[in-house]
Amino acid sequence: MPTAPLDALKHPCPERIALITDFGPGPYVGQLQLLASAQAPALPLINLVADLPAFRPDLAAYWLPALIRRMPDGTLYLCVVDPGVGGARAALALRIGSNWFVGPDNGLFVPLLRRCEAVVGNNAADYALWRIDWRPEQLSESFHGRDVFLPIALTLTQGRLPLPCQRCMPDQMQGADWPLTSACILYVDHYGNLITGLEADEADPDHSLCIETPVGSQSIQAARTFCEVPEGTAFWYRNAFDLVEIAANQRRADQLFGVSAGDGVAWAARAY
Amino acid sequence: MPTAPLDALKHPCPERIALITDFGPGPYVGQLQLLASAQAPALPLINLVADLPAFRPDLAAYWLPALIRRMPDGTLYLCVVDPGVGGARAALALRIGSNWFVGPDNGLFVPLLRRCEAVVGNNAADYALWRIDWRPEQLSESFHGRDVFLPIALTLTQGRLPLPCQRCMPDQMQGADWPLTSACILYVDHYGNLITGLEADEADPDHSLCIETPVGSQSIQAARTFCEVPEGTAFWYRNAFDLVEIAANQRRADQLFGVSAGDGVAWAARAY
Amino acid sequence: MPTAPLDALKHPCPERIALITDFGPGPYVGQLQLLASAQAPALPLINLVADLPAFRPDLAAYWLPALIRRMPDGTLYLCVVDPGVGGARAALALRIGSNWFVGPDNGLFVPLLRRCEAVVGNNAADYALWRIDWRPEQLSESFHGRDVFLPIALTLTQGRLPLPCQRCMPDQMQGADWPLTSACILYVDHYGNLITGLEADEADPDHSLCIETPVGSQSIQAARTFCEVPEGTAFWYRNAFDLVEIAANQRRADQLFGVSAGDGVAWAARAY
């Protein structure tokens, strides 16, 4: 593919790729790993998460800033939750500090970039955003993770930008008008815990959290961790991603409440 | 183990191993990776797919040619879907061009080799097939992926053939009489899409595809991709493996039709 | 972190890390892999098994000795099944021969160490056990695999012990009074096979195995392997880990009997 050099001094090449997808356990992650192994044998490619809720970039987008929070700098995150695959949506490459993000222009990077801007101030934030218009000769209709986004990512790890591409502004991204926070369940983990889009730093431990269930609204109080509540009791707490998470001690919270990813949550009045 | 050298000039050693199995998410893939990591630390071992339908080499066999279609040359595919493990079935090593295939003699490589012969003509196809009679001293009854096929694969990556072994002809393989194409669902992917054994190159977009469901036969028309049909609508299309796949826009086709891997499909008359 | 050197001559550093967890398919394994990739790029980190029954160290503990039986020496096993995370339970580092084990002090290493002592005699067994009191500055309440156990493991692979730590005796471990063998189902594998805690070396093929099911007790006889019994028939056999496993030829034994991990099994009188 035609490429242009990045300013290598200012932006060192990413040292590894981490996959963030809704590809599931099938062959899609494996095909990316096999291709990358042949084309960039020395580059680590880590399957960070592959079971994001399918077809839901709106959920993945709000988890992304937290998912990478304690992860190593110098990582390129290849993010593919892409229900619009095969349509007209563009491909984006985003650099924030020494990290890179490659994926579809469907809102996936909006909360991440807005949060970065909110933290450091709009003008000072160290980021750059490109729309990549390059397309491969052989392009499937349904697997742009393999045919478009992986080649873009591998090119960036070599310090080059695929051509044609153009710099663009955050306001030009799809989903640019999305809110900064999502008051809903982003992901149900393997233990049945409910990871929400609420930031723990912005939560008051004296407040209870309300969740809509098939049998009415339930109010959940805070606890520090699992062993502080009786077995089977639900609580909310600051999870390992610094998000508000609803769990139950040695029980599945998703089954306890009959809820799933995408369902809403809300802060209640102060717990009494 | 006793070994004999391959003709290294004509057949360069495979540069990586890719696993194609029905082992699922448990410890079986992990044990292969751990053993390979100790015995061949520099050799990449990629878990290409581990959730093939269990006990169904007849389904895996027809996906194999498509699954590897756009994958890098110089790969050894370790293929284990092996309901006859512990019985008398032989182990095979197959070279086609610069790729290698190791697995049980239960039909798994029949469509792959027949398709290769069909494409280039029986006499010209660049392949070689061996039956490997070597067995390890310590052999479990149920995990030949670890005890037989992995050691064979690692030996081949070192440019050697395990002994005893013997060259054999494609007609001597189990399943040698299987048809060239399988008109059924080979795999239901993570999104509920139905991957069939029908080749997209041999499909006419004006024809509709029939699928038998619990409530009768359903007729499905072609579309280019997901966003070309209304949400919830089913269609068939050329998937990323160049096979005919049945999907529904943002819905699970397997649940829509109540079907699963192994169920049949058939071309209908021209769509009207 | 502050560290002290291990006696490198007597105890060569582990050459790879293998993960044994109940983390499931989500982001927890991926975060460990991403951190390890940045902090120890040359060190292989293998996801040996991630779907152990959640919250059940009592089941994981009895599988551990068999799971690692034919695996390569020089491996550090990072074992995290940890319902007490965030509570007061300690972290352990255990060396047995050239292998290492890092994880919570909740019984996980008790059968392993007792079996090792039973085999070689209490005084002669080549092991060393430490309680690691080091804690990181940034410690989540729910993901000590990432925040505590991985840093300990990476430090050990560099030939150093995290400080503070203290040598301790096996009798001081939680679960020190657990029995040597567990007569129950430890794990249901991807095929629906039931892996029990019974050692095959201690089993008599003439005895049948009893399993409690929702419709009463069932008696199961031994067979060598799958293809020796009719399709759909259940049998017990020596599995690839040298444990007693209940399976059914091309059918799921878990569904056949309506049982799951944690359910009990027992030897019956001699089969007649």
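Each chain gets a letter, A, B and C, in the order it is written, and its residues are counted from 1.
The working rule: a residue touches a chain if its C-beta (ideal position, glycine included) is under 8 Å from a C-beta of that chain, and two chains touch if they have at least 3 such contacts.
Bear in mind that the values here come from a model prediction, so they are computed numbers and not experimental data.
Looking at where chain B touches chain C, is over half of the residue numbers used by both copies, so same, or under half, so different?
different
Just how much do you need to spin chain A so its Cα atoms sit on those of chain B, in degrees to the nearest 5?
Copies differ by a rotation of 120 degrees.
Take the average of all CA coordinates in chain B, do the same for chain C, and state the distance between these two points in whole angstrom.
Result: the chain centres lie 32 Å from each other.
Mind pulling the chain B residues that touch 2 or more other chains?
25
Contact residues on chain C for chain A in the complex?
It comes out as residues 22-28, 30-31, 33-35, 37-39, 41, 54-55, 83-87, 138, 140-143, 146-147.
Hey, which residues of chain A end up touching chain C in the complex?
Touch list, chain A to chain C: 15-16, 18, 25, 44, 46-51, 67, 70-72, 74-75, 187, 189-191, 224-228, 237-240, 245, 247, 250.
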